[in-house]
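These notes are about the structure you will find just below.
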Amino acid sequence: MSTFAELLLNGLSLGSVYALIALGFVVIFRATEVVNFAHASLLLAGGYVTATLHDDIGFWPALLAGVAGAALVGAAVEFLVMRRYRGTDQSVLAIVTIGVDILLTTELTRRIGTDVLVMGDPWGNAVLTVGPVSIAHTRIAAFVTASVLITAFLLAFRYTSWGVAMRAAAESPETAALMGVRLGRVSLGAWAVAGGLAAVAALFLTVFPTPGLERATSLAALKAFPAAILGGLDSTTGALVGGLLVGVTESMATGYQSDLTFLGRGIGDLAPYAVMVAILLIRPAGLFGTKELARV
Amino acid sequence: SSKAKDDGGDKQSAGGVKTGEGISGKTISLGVLTDMSGVYATLGKSVTQAQQLYVKQTNAAGGVCGYKLALTVRDHGYDPQKAVSGYTELAPKVLGFTQFIGSPFVAAVKQRIDGQDKGLVLPQAWSATLLGSPYIRPIGSTYDIETINAIDFLMKEKGLKKGDSIGHVYFEGDYGENALTGSRYMAKQSGLKVVEQKIKPTDNDMTGQVVALKKAGVKAIVISAGPRQAASLVGVAAAVKFNVPVIGNNSAFAPQLLATAAAPALEANYYVANPSLPIGADTPKAKKLVADYKAAYPKDSLDNGVVAGWTAASAFGEALKKACVAKDLTREGVDKALLTIDAFDPGFGIPQNFTDPKSASSKESVILQPDKNAVGGMKVVREAEVSSVAQGYTPGA
Amino acid sequence: MEEHDRVTTEATGRQAAAHATAQEAAAQATAQAAVPSGIPSLDVRDVTVRFAGLTALDAVSFTVRPGTVHALIGPNGAGKSTCFNVLSGVCRPAAGSVRLGKHELTGLPPHRIAGLGVARIFQNLALPPHATVEDCLLLGRHRLTRAGFLAAGLRLPSAAREDRRHRERVREIAAFVGLERQLDRPAGSLPYGQQKLAELARALCMEPRILLLDEPVAGMTAAERRRTAAVVAGVRDSLGISIVLVEHDMGVVMRLADAVTVLDFGRRIADGAPADVQNDPAVVRAYLGERADPEETAS
Amino acid sequence: MGGSALLVRELSVGYGPVRALRHVSLEVPEAAVVTVLGANGAGKSTLLRAVCRTLSFHGGAVTGGTVTLGGRPLDRLPPDRVVAAGVSQVPEGRRVFSRMTVADNLRAGALGGTGGRADRARALRRVHELFPVLADRAQQRAGLLSGGEQQMLAVGRALMGAPKVLLLDEPSLGLAPLMAARIADTVREINEQGTSVLLVEQNAALALRLASSAYVLEVGEVTLSGPADELAASDEVRRRYLGVVDEDAAADGASARGALPSLSRWKG
Amino acid sequence: MSEVLTRDETGSAPRPARRRTIRLPGARTAIGAAGAVLLLALPFYVDRFWLEAGLFAMAAAIGAIGLNLLTGATGQLSMGHAFFLAVGAYGYCVFAADGGDGLTGLGLPTWLAAVLAVAVSGIAGGLFSPIAGRLRGAYLGIATLALIFIGQHVLFNARDLTGGFNGRDVPPLSLFGLTFDDRELLVAAVPFGSAEKLWYVGLLLLLGCGLFARGVLRGRPGRAMNAIRDHRIAAGVIGVPVARYRAAVFVLSSMYAGLAGVLLALVFQRTVPDYFGITLSLDYLAMIVIGGLGSVAGAVVGAVFVSLLPQLLTRYSDTLPLVSDPGMGGIAPGEAARYLYGAAVVAVVLFLPGGLVRVAARLRVKPRPGATPGEER
């Protein structure tokens, strides 16, 4: 039982990191309807800035700088690339983000080289032990951060005019422009925010229990895809629930691997996708996503 | 047409040395198929740089047999298509390959190597599946043997005993699964039980694995994964006070880890089995290599990839020298020459025996321990040794 | 549109009324002559549609006699388009039945209903913006053509023959609605009114037995409306098919309809001949509006 | 602030090689209602797009001429600045944000406005009075509304911004007669409060009654213009846009019947 | 290629309708013939490296055509294409191998094995149709990503079928007594190895697949597919059985992928699981976007671009500017290649909206300045 509790807790804590990454996908998707494949590289950028600066200026300023840096990179991507696209097909833009991702990742991995960079976070490898189970302080911080940020975005999307403008721009740029929405600013803002979020996610993705930021870190961002989708690509609540679900699924599949050998080993990575497909079969727009309109 | 077959592939040079593909004028071309932008970039970079260093030094010393060596490097980024293309491109131009990263890719062109090209390939992969070809020759103990030796170390010096369980965390793919073969064999021979945990290179957080292994009550853990996974595993285990020894294969450590928060735990509880002495070994050759490498690449860290690259390049060089003595620098000549080398020591403590293509060139492993103060971050805790189980083990059997 | 009606009907009202009877007689006559035996009647019985917390259709019944134009009118949100959605299979009613001849339509998927000869135009345009008008119309012939993946991929002669034949018919229909010169333009570049015509042509390309028209003249000038109305009348007269018409332009409704059903809040509030319905107080109150100050009609 | 007269001078617009407007000049004086009549494809929507600078979304561009609002050129501004300058448009074909709720659509309408919270609340109340169904359906997604309800929403949304100049592209499209009349009242009412209106409307009778002056656009050019009542009296306009059939209506009708297009049956 | 299907650069902006081009009759045929002769003669002149690169491009083109049918023409985003390639490649091995290497092999004639492998890919696509028929857009895209992970899992774990991480050998194709392996065959004094021989097979397959897809796109199914993409509900009302069509296109597209997989396997001579990962799927998407969505020529052009560019860049990496030897602090050759590749993807999509085929079309149809069609409406 305690193993189960431990795995559950571990899954939830891992899931909160995924939720943070997924939130980045959600923000861009809501504002531009683009699936952002470059999110992984934003993550790397944010982490890189934090990791290289913390020695000199201390952790919190470095984190702030990381957030700002990644936001800047995100904004630059929007300004230099996304904005120049003159078509309407969002899947084409998704491909563009793949190109951007290749560029950014190559540059950052070249800079990171073969190093493993540490974040200099204040939590270290401390764990909180409650009865039989223990949980890392970093993960508690991740959970709190994810919850706070996700709630904040939920409220912002729903209640501020920024949120309304964003959704309007995503749905029909032309009509939104007629409402006075500054299209450029909205999507620039979204990309910057997504960049900032990526930097926060990068922090939690690379602190204990993982050794640090290195070139393969961006691959881990892929795991947040099923999280974003099964929650619903345009839902902040979905990002949280999806992230947690993916985390728990992965943790359980790993923890009970030896009881599941008939499926082949190493299904920890596969299980989230299986859950995702199952959920999509029942709810094609994810758990909390906006359903497709069905009237003519 | 330009491709029309012209006979006379083999030429006789002035000195009476027979030459063939890969040699033009006074230059011997050697191929390097490496990964400097993909998942094995860390390894690829060190290996390649060490080999370039070797070539530079050899040429400075007059080359081999009066021929200069030249490396042609192709970076495939661990992409099968690029790797195969790289091979196709270089195969007609080079005498052999001093480096070929990625055993699946070596396997992909194995038919061509064995069937028609017949050039010597020294892959930087230690999977036993590559054994058996007279042309493809991994250097040093393969992962299965290394793992057997590693567990042997645990049993002899870390209190692991018959009836205990050990955990084995391993990568999907050639490396991990070959190591798993070793641990399974060892377990059978020594009455241990293996609790398997397969992971992927994208997994960076080993908490789930630690929980599972703790639940299974293992007394020690073998990890056949990357440095990050090792660091996470050891770090998490220490944090939850799960104090069992952890030992990894040679690829499961990088000196960079000693700069991370996991360093104390690694120094306390982590061991690495290695097919040779570490880069920081106390041999004259090692010391010279360290000095030269530092001079040539001041910004790069010293790791075992340097040793591996140097070893492979010098083994190839050795074969070339022997072939030159036999006045046959054709591919066959070099292959034959390698088969006569039975105790070549590139300077890292373990002699290599290339006479039998079916078995690894050595079965010895050195056990190392992370140490911040050592060059390359590792110190020796047990000298080169073959366990008795490894002695009796034949790969693939 | 109200004013507009007043204008037109004021000018042509009597004449239209006079026509109405003549026309009805003519329609009756043509109904005998032109209604192909294959045109079944459409029976809508007690159809109820509910959306979360809203009854969009409440036990609505009406019958479309073969070869007639049946108008469905009512205020915005009365449930007219929803009714079309039921008829064309886009939306499944909670209760009730729709019968086309001997076929029960409720529960059939849209393409099966289309296969039975029910064609429809959409209130909010549904033309692919990049395809040429010709391709749009050819799409309408989907149900009448056979070429599958294999035939089309291998360019079997049968597919080529079929293609040629149907392109000819498409041109004929385009000429009929007046789009022959727009055939190779992308549908999205046509002005709104012509897009509506293209929709109509596409529906005609399905060689329907029942044609459902959802606001066919919206967004057209008076002259264009007259022309389109003439096209619709031409369809009924020359093809003899049944037409269900939803339209807010009462002038057009009065000119074309043989029978009218009025919906309000999903309920049927009137049903009968156009002239009767137009004077029904409930209809006037709910739909037409009671203001008839002289100043308005004077323009 | 220089008044709110909208002045269009010698405007030419092209969609690639297609020339949609040629040297169109037009004036919407302060606090006036001006209407533009024209057949399908005459370029009415194009004109409104040119004023609001949304042509680029349709692959079109202004090739000549100027647009000024109260003397201030709107020519090089992005669309949002045009809105900020006080021009608001109800685009053709509804264009509601179908995945957003009705309430959010109305909020989107207020995005470009300069009014405070109280102004917005007042505007919202007025829209709800005008179209009660929008209040009932506040939380429904706009795409699920009926066609006419969407049109009401589109009009209501434009009213939320309290513009100086309101451009309406066929506001009565698909509205029931009763509702169309209500729109007419609304236009009159907001005009009385000082907003100038440029009205494009197929319901020419309604448009001419509301407007003080009118323009007729044909194939991209202004062919007629003048005070609305004069235009309403012209034969051309009566025949083509008011649908008034001449005295020999009967004959005309008969000939029309005779000329009824016909289509042979398909003998598949 | 199929003009109608290429997406336009500006949303609703349509192209000018009439293209007044006076084309010299025969000029195109002449160019076509010259191209054909060139392609046929290549194996006599160029190295195996180039032939192999060409064959990779051909296989990619076949797969991309299939993906374009699905994503470009029907609007169903698929990121799981690599899975179906794997099914084709491994399917062929299983059917054709004789079991000599200890892995499952049915020992069927190789041509039959190829046909069956394609069929099995189609079936795999069909099995996915409950999901393919239900999901749309990004949701479908990422759901298909699951296929990749499932595929990788199976490839690594179903040892008997796949040979695990090291993959399995691919039996060479034999047709009419000719075996497409590396045993040298002298043709006009030129030694023909597997690459030379397969070249012609590849050309033939690509031609066949391209023509077939073009027929489909221009015919009745193509129109129905586009209708589904543009307006699903309306398509149903017009009489298109939407779910059936979506499933059918998914199956067809999987079969194309399967065939591409078979060809790739034959070229590689060995199948390895690492190849069939997410990168491959993304590459295929890049191909159709770069080439031009919805058209056959677009898929081919995009495939050639995407599969040859990295090869070229890697091959000539040493001569690229700014590139230095490893360890010299400069940009490594592989990195330079990736920079250029990423930049090319971005640049093509941004500056050549509609894809590379539109450039070709534009060059062909040179608009004469001043001669604007007197488009009256």
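Letters A, B, C, D and E mark the chains in the order given here, with residues in each chain numbered from 1 onward.
As a working rule, a contact is a pair of C-beta atoms (placed from the backbone, for glycine too) under 8 Å apart; a residue touches a chain by one contact, two chains touch by 3 or more.
Please read all numbers here as calculations on a predicted model, not as lab measurements.
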Inset, instruction - Hop across touching chains from chain A and tell me the fewest hops that reach chain E. - result: 1
Inset, instruction - Sort the other chains by how far their Cα centres are from that of chain C and give me the top one. - result: B
Inset, instruction - Name the two chains that are joined by the greatest number of C-beta pairs in contact. - result: C-D
Legend entry - Greatest separation from chain E - chain, by CA centre: D
Legend entry - Averaged-CA centre spacing for the pair chain E and chain C, given as whole angstrom: 44
Legend entry - Centre-of-Cα separation between chain E and chain B, whole angstrom: 36
Legend entry - CA centroid of chain A to CA centroid of chain C, Å: 49
Inset, instruction - Going through chain C residue by residue, note those that touch at least 2 other chains and give them in order. - result: 81, 90, 122-124, 126, 189, 191
Legend entry - Per-residue overlap in chain E, given as positions that touch at least 2 other chains: 7-15, 156, 233-234, 237, 332, 335, 338, 377
Inset, instruction - Check each residue of chain D and list the ones that touch at least two other chains. - result: 15, 18, 41, 57, 144
Inset, instruction - Show which residues of chain D lie in contact with chain A when the two form their complex. - result: 52, 54, 57, 78-80, 83-84, 88-89, 91, 95-100, 104, 107-113, 141, 143-144, 157, 161
Inset, instruction - Over in the complex, which chain C residues touch chain E? Could you list them? - result: 88-90, 109-111, 113-115, 119-120, 122, 126-132, 135, 138-140, 142-143, 145, 147-149, 151-155, 159, 163, 184-186, 188-189, 191, 202, 206
Legend entry - In the complex with chain D, residue positions of chain A that touch it: 161, 164-165, 167-168, 171-184, 290, 293, 295
Legend entry - Residues on chain A engaged by chain B in the complex (per definition of touch): 3, 6-7, 10-11, 14, 106, 109, 114-116, 118, 124-127, 129, 134, 136, 205, 208-212, 214-217, 219-220, 222-223, 250-251, 254-258, 265-266, 268-269
Inset, instruction - Give every residue of chain C touching chain D within the complex, in rising order. - result: 1-8, 11-12, 15, 19, 36, 51, 74-82, 123-125, 144, 169, 172-173, 176, 189-194, 204, 207, 214-215, 218-226, 230-231, 233-235, 237-240, 248, 250-251, 286-289, 291, 296, 299
